[in-house]
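Remarks on the structure that follows.
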C-alpha cells in the first residue's frame, strides 16, 4: 500500500519531539516554582521560631509589654481545651452520620445529609464564627471557650463524617453477611464488626479534623476571643495558639513578634505531625480487601 | 429488637441533625440580616460607602475586593496547579519525584492560614513595598496584590489535588489508543486528556475559587483594611471575610452588626452554590468512569 | 519453516523476552510475520499474548517497570532504534474493549491519527480519508448520515469497527488486534471476522484471540504461546490438525486454558 496522505517531513518530526520535551520541562519548572514559597516559609519559620523557643516558652505566661521573655503556656492549654471539647462535640455525631451514610446510600435523608456535609465543609470559617457568636456568645453575654469549641466542632463534623463514610464503604458486604449469618443483630454487627474494621480510617479522619482546626483563627476571633491569662474554665474566654499569633503578630512590639514566631513554629510542627501520623496509621493499619 | 430499632434511629437522627445544622445556620444568618436588609435593601450591594458612624452600609468595596483578590489569585494559581496536576497525574504517577512533589504540596496545604498571614506580613509585604517604591507607586506593601499572591499559594494544593484526581480518571485505554496512532505525550495530553477532563478541571478551579472567597486570616493581615474601593491592584482594600474579622467584635448598634452578618450570608450563599455545582461536576466524572 | 520468500517477512521477533519488574512473562520468543497474512496468537489467559503485541509497537513503554531483551524488526529495521511516534503510526492497534474517543465525533475519530500527529489536510482529503477508512471497516453505510455525531450511541460492534477505521486511516503496514471480538456478541464478532478477511489485502494482521474456532476460521498462520514461551508456530491448517507439540494438542482439545 502506498502512503497517500500521511506525509511527514523529518524536520517536522524533530519539531514535534522538541515540543514534547519542552512542554514536559516547562511543566516541571512550573511545579518546582510552585513549591518554592513553601521553602521560604519553612526556612523563615525555622529560623525565627527556633530562636525564640526554650523551656520558658512552654511553661510561662506572656509578659506585659516592655519585659523580655515569657511564654505561651496559656495558649497551649487553651488550644488543648478547645480541641478536646470540639472533639467531644463533633466525633459522635460525625461518626454516626458517616455510618448512616454508608449504610443508606440512597434515600432522601442520605442525599440531604450528603449535600449538607458538602455545604458545611465549604462554609468559610468566619461565617461559622458568626453562627457560634449568635448561638452561644450573645445569649450568655460573654465570649467563651465553649462557643469556640462548638464552632470548631462544626468545622470537624464534615471531615469526620466523610472519612467514616468512605472507610466503611470500602468494607465488603460479605463481612456483614458473615456476621448476620452467625445470628448477630444489626446494631452489634455495626458496633462490633464494621466499626472496629474501620477504626484506622475513622481515626485518620479524626486526626485530619484536629489538624484542620488546630490552626483555625477566624472562627475563634469572636467566640473563644483570647485571654492573656491562664484559664481552665471553658465558659470564659480562652486563649489559643493561632489567636495568640494573630494578636502578637499585629502588635507593634518586637518581643511579642518573637513569641508569635515561636508559636507559629510549634503550631506548624504540631499540624504536620498530625498529618504524618494520620498517614502512617492509614498505611500501617489499613485492612485491604 | 428494641435496641435494634433504637440504634437505627440514633443513626438516622444524627444524619438529620447534621442536615438541620446547615439549615439552621442559613436561617440564623437570614434572620439576623433582616435589620440590615430592611435598612439598606438592594443598595447594600450597590452602595460604595461603608461608614458605620454615619449608619451607612454599602458592601460594594468588599465585594469588589473579594472578587479582585480571588480572581487574581486564581489566575496566578491556574498554570501552576495544572502543571502539578499533569506532573502527578500523567508524567510521574509513582516514584520518588511524584512522592516529593506530592509531599511538598501536602505540606503547603497543612500550613494554617494565620501562619501564611504572619509570614506575608513580615516577609512578603516588605518585598512588595520595595517593588512599589521602585515603580513609583505609593509603597503600602499591603494591598490587593499582596493578598492575591498569598491566596494563590494557599489554594494551590486544593486545586492541584482536584486536578490531579480528575486527570487520573481519564481512561488509560483512550491514552493508549492515541499513543498507538503515533501521538507523543504532549499530543496525547492536549488532544485527549485535557478535552476529556476539561469540565472536571474547571470544577476544581471553581472549588478553589470558593476557598479563596472565604479565606480570612491571611488576607486580613496583608490587605491593608481600607473600606474604599481599591483603585488598582496595589491599593489596600478589604474583602467580605476580612471586614467581618476586623469589625465584628467592635460593631456597636444593631444595624452595624446585622450588616456584617448579611455579608456573612452573602458569603454563605456564594460558597454553597459553588460547592454544590463543583461537587456535582466532579461526581459526574466519577460516575462516568 | 520456510513457507515464503524472505522479503515477505514484514516483522521478525528475535530472541525476545519481556518482564514486569522481576517477573518474566515472555522468554526467548522467535517468530516472524508475513506480509498480507493473518497471524493468530493463541494461548491460555495470562500467557503473555497481550504483552507480546504491545511490545511490537512499543506500547509497553507506557507501563512503568517493564523491561525487554532481544530485538524486533519491522521491514528489517530494528523497532527499538526507531522513533516510537513513527513506529506506532506504522503499526496500528485495536484494543480488546472498543475505545473511540468520547470527546470527538465519528468523523473526527477517523481523522484522529492525523490530528494527533499534527498533519494538516484539506477538506477534500479529509472527506476522502473518512469515507475510504469507513468503507474498509465496513461501517460507511451505517454511519454516513451521522458522521458529525459523537460515537457513543453506536453499538459495541460498530464502535469496534470505528476503532478499526481509525487505525486504518493512517495507513499502517501492520494491524495489531488484541481480542477484538471478546467484548462483542456473536453477530458483531462475525462481522469483524469477515472484515479481517478483507483487510489482509492491504495490511498485515496480527490478532490475539482466545477463541480457537475463530483462529482456525480466519488465520493463515497461528502461534501458540504457553507460559511465556512460543510453543508452536506455523500454518494454521497444519497447527490445528496435526500439532507437533503435546501442549498445543492439549490446549486445542480443551485440556487447559
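Labels A, B and C are assigned to the chains in the order they are written; within every chain, residues are numbered from 1.
Assume a residue touches a chain if its C-beta (ideal position, glycine included) is under 8 Å from a C-beta of that chain, and two chains touch if they have at least 3 such contacts.
Note that this is a predicted model, so its numbers are computed, not measured.
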| item | value |
| --- | --- |
| Topology of the chain contact graph, where touching chains are joined (line, ring, star, complete, other) | complete |
| Distance-maximising chain from chain A - centres being C-alpha averages | C |
| For chain B paired with chain C, centre-to-centre distance based on mean C-alpha positions, whole Å | 49 |
| Approximate Å spacing (C-alpha centroids) for the pair chain A, chain C | 51 |
| Cα-centroid distance, chain A relative to chain B, in whole angstrom | 16 |
| Per-residue overlap in chain C, given as positions that touch at least 2 other chains | 85-86, 89, 113, 117-118, 170 |
| Overlap residues in chain A, where contacts from two or more other chains coincide | 16-17 |
| Touching two or more other chains - residues of chain B | 184, 187 |
| For the chain B and chain C complex, residues of the former touching the latter | 93-95, 171, 173-184, 187-188, 191-192, 195-196 |
| For the chain B and chain A complex, residues of the former touching the latter | 3-4, 6-8, 10-12, 14-19, 21-23, 25, 28-29, 32, 79-81, 83-84, 86-87, 91, 101, 104-108, 110-119, 121-123, 153, 156, 160, 184-187, 189, 207, 210, 213-217, 221, 241, 244-245, 248-249, 260-261, 264, 267-268, 271-272, 274-276, 279 |
| Chain C contact footprint on chain A (complex, rising order) | 1, 3-8, 12-13, 16-17 |
| Residue ranges of chain A in contact with chain B within the complex | 16-17, 19-20, 23-24, 26-28, 30-31, 33-35, 37-38, 40-42, 44-45, 92-93, 96-97, 99-101, 103-104, 109-110, 112-113, 115-131, 133-135, 154, 157, 161, 185-187, 190, 211, 214-218, 221-222, 225, 242, 245-246, 249-250, 257, 260-261, 264, 267-268, 271-272, 275 |
| Footprint of chain A on chain C - complex, ascending | 83, 85-86, 89, 113-114, 117-119, 121, 125, 129, 170-171, 173, 202-203 |
